[in-house]
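Lettered A, B, C and D in written order, each chain numbered from 1.
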């Protein structure tokens, strides 16, 4: 029971979605739609587990006198204020929830995103070394495309922007397609293994 | 030579900061050669008779503002300068309509334009297919009111702009597949001429619409926006941005070359293998 | 005095502080970054809570149940409650039921979506007439990349040659994509620097 | 057959197979049950004829996989070539054990409705067995609550299995933040402070890929990544020591388990690749000669 029932549930849920795809009719559509809504609802309940996990980790730090406990306290306060105001007073524009998001969280999100500009540079500097033919190809196309994207590229060699576009439109598209087809086969095979109950690592079984 | 191979990343980071700060504070005015697509974009807007009504979708998320905002600003300046009437709308629910409001009002004010007479912001409606196809028959059926809640029949401009037949042009600024939908649904079915400003990532794909004649002109990313600013004779956000882009791209390429010189040099001498 | 504090320097001070605190991580870990990091994590977890509570628990469970009397909602709600079964040792295993439901239905959807939505159209777009260099290269690129992933034979002999054509294509594509993305990332950085120098400090116009 | 130092026998002995054949009655029942009430209402039939091509693909694919599964169960010797990235997982955990520093595992930053996350969790299950056996500290920061619950369950069972349940702490699997950039900031901070010896990223990644991997690189961790997102692969290749590309991510768990049936499914995928290559070649020849362009288009149209 303990090990079979989850496998059977996964199997039924998977088969249902497959049947719904090929079937026509109000009942089929309705069932599939309902199952998707159920996923969201289950995920909604799981949120409490997530919050529980954060609170436990940081509460533990406070209780045991971890050197970073002051930061844990900050985190818990922010979580309480933001989450509490969202739950109690709503999340529409003009609420505390909304202004904390706009003034503090959103700018931090874009700042973190912009840190990528630095990381992309340091990764390029470190990784793009012509160690062998393959890494030389990687390096060369990266440099051609980078030059082709800036106005100066045109002065260095007039066709550079066209080359850059061509690389993006032909070999790059071909590889994306190859990877997508291969990955789709892998994903479908993974999905089939899950539905058939062969891959059950996610249930902590069969490792 | 070994030092060239392992420059501290913080040196690189500092140089990147400097390469952005300098052009933002003191524009370098590096030349931006124009591409045929950007020229075609400019010419297409130039060719619209003054007084015509232009549909202006603000189909971008706040996260791509550094790329899309300069295009929208330059596009609005061009329209208002040529005395075109602008009907703005957005198919992006979060942020789209408020960005549209902000840009229309601030650029409109620069040219002394009046809301409701020279420009309107219709706001956002969910379901892009219904919006794009429905406006062919009646804009008022899709947007009974504008973004501020005013009924369309009380706005003078909207008396003239009833459906696609009364519009002469679409100027799309988009960071997502909406650009494709405007082309595939509106240009293909109703033949409205259009130009598009899109993010750099989307540009290669959109180029194919130029070849097929489905769009008349294209701006790709910050570079396209800078070209457009140059054509308008107003160097602004994108031009400065492009200065920074050029500096950083060259900086990265310079560092890649430096790293490789160090690598080749260190391989010549017998030295222990290095990871990384 | 009140006018002074309505100056953008003060109104934007919190935003600017957190922007700089995040950037400071580039130098090294420091108390400012640690503070910002924990504020950021706390706020975003709280944000997610508020969002999920309002859009899922309230709108998809509570309102349908109390206003529309849609009792079917009790089934997923019960599945959701089972997520907490782990806290009752005897029925702990039952938390696997909601997990199995979500994973199973995901597998079903993905099984179809990958084969129908990915394989079919991508293969369809690759069947091109070999009338241009581009088309020839596209077909060769797609096939050799696909063969590169072949698991059943070592990459030696003819298969090895095809696979090395494949990996060469992959390197061209990855190098190009890397170079192409630099501009978009730098645009974001320009946006932040413009905020700091123009909106906040008014050092340029 | 030995893959990455894993002998298949070890896992085989412990695994109890669910009996697949009898379960096959269920889809038939499900189909009949769903179809019957719908039949009366739908004059054009309950099957979407326009999706016949997809059905054929699904059936061929399923048969290909099942055929190799059967052969594997019957004990046929199936060879799969070694994947360096997979063998490196063991090596990386071993290094962490020697250095006494933690292993960080990130099962992607997607939710549980993404198959890559499930693939990541499967690899996590294998990795957790090894870290449990050697009592190497394991850190699994997760972005969404549902994958966190699944990761917790996976890791818990692995540790119980190895008799190491008392080595689990609340910090082993933890939910850290509600959104991907705050997640990256938090994980980056954690990595700088805890200095993991190994970092394994398996699953769906978006812009966070480089944000996390570049910080991991600076701490000197051995990094192994795997994702099916073509857009993020270049960054993992640049920042990590080993990268599993696309399909290899889904194969990783099968490789690590060494279980014949899982490896059998990889053979099925290979057969499909050959079939697809043949279809493309034949199609290209026909279309180049000018025959049946529309027919091919219709055949491969997804509706």
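Everything that follows uses one rule, which is that a contact is a pair of C-beta atoms (placed from the backbone, for glycine too) under 8 Å apart; a residue touches a chain by one contact, two chains touch by 3 or more.
Quantities reported herein were computed from a predicted structural model and do not represent experimental measurements.
Find the two chains joined by the most C-beta pairs in contact, please.
A-C
Where centres are the averaged C-alpha coordinates, which chain has the largest centre distance to chain C?
Result for the farthest chain: B.
Please report how many Å separate the Cα centroid of chain A from that of chain C, as a whole number.
3
Can you check how far apart chain C and chain D are, centre to centre, with Cα atoms defining each centre and the answer in Å?
The answer is 17 Å.
CA centre of chain B versus CA centre of chain D: separation in Å?
38
Counting only Cα atoms for the centres, state how far chain B is from chain C in Å.
24
Taking each residue of chain C in turn, which ones touch at least two of the other chains?
22, 25-26, 34, 36-38, 40-41, 43-49, 83, 96, 99, 102-103, 106-107, 109-112, 114-116, 119, 123, 126, 139, 142-143, 146, 149, 170, 174-175, 177-178, 180-183, 186, 188-189, 191
Two-or-more-chain contact residues of chain A, please, as numbers and ranges.
7, 11-12, 15-16, 18, 21, 39, 42-43, 46-51, 54, 105, 108, 110, 112-113, 115-118, 120-122, 124, 126, 128, 138-139, 142-143, 146, 149, 168-169, 175-176, 179-183, 185, 187-188, 190-192, 194, 202-203
Could you list which residues of chain D touch at least two other chains?
Residues 51, 54, 58, 61, 112-113, 115, 118, 146, 149-150, 153, 175-176, 179, 181-182, 185, 217, 230, 233, 235, 237-238, 245-248, 251, 266, 269, 273, 276.
Which part of chain B faces chain C closely enough to touch in the complex?
For chain B paired with chain C, touching residues are 10, 13, 16-17, 20-21, 24-26, 64-67, 199-201, 221-223, 237, 240-241, 244-245, 248-249, 252.
Can you list the residues on chain A that touch chain C in the complex?
Touch list, chain A to chain C: 2, 5-7, 9-18, 21, 34-51, 54, 68, 71-72, 74-87, 90-91, 97, 100-101, 103-105, 107-108, 110-118, 120-121, 124, 133-135, 137-146, 149, 164, 167-185, 187-188, 190-192, 194-195, 202-203.
What part of chain C is in contact with chain D in the complex they form?
The touching residues are 22, 25, 29, 33-34, 36-38, 40-41, 43-49, 83, 86, 95-96, 99, 102-103, 106-107, 109-112, 114-117, 119-121, 123-124, 126-131, 139, 142-143, 146-147, 149-155, 170, 174-175, 177-178, 181.
Where on chain D is chain C touching in the complex?
Per the stated touch rule, the residues are 51, 53-54, 57-58, 61, 78-81, 112-115, 118, 146, 149-150, 153, 175-179, 181-183, 185-186, 188-189, 192-193, 230-231, 233-235, 237-238, 245-248, 251, 266-267, 269-270, 273, 276-277, 279-281, 283-284, 287-288, 290, 293, 296-297, 299-302.
Would you tell me which residues of chain B are touching chain A in their complex?
Per the stated touch rule, the residues are 7, 9, 12-13, 16, 30-33, 35, 62-63, 200, 204, 207, 223, 226, 242, 245-246, 248-253, 255-256, 258-260, 263-264, 276.
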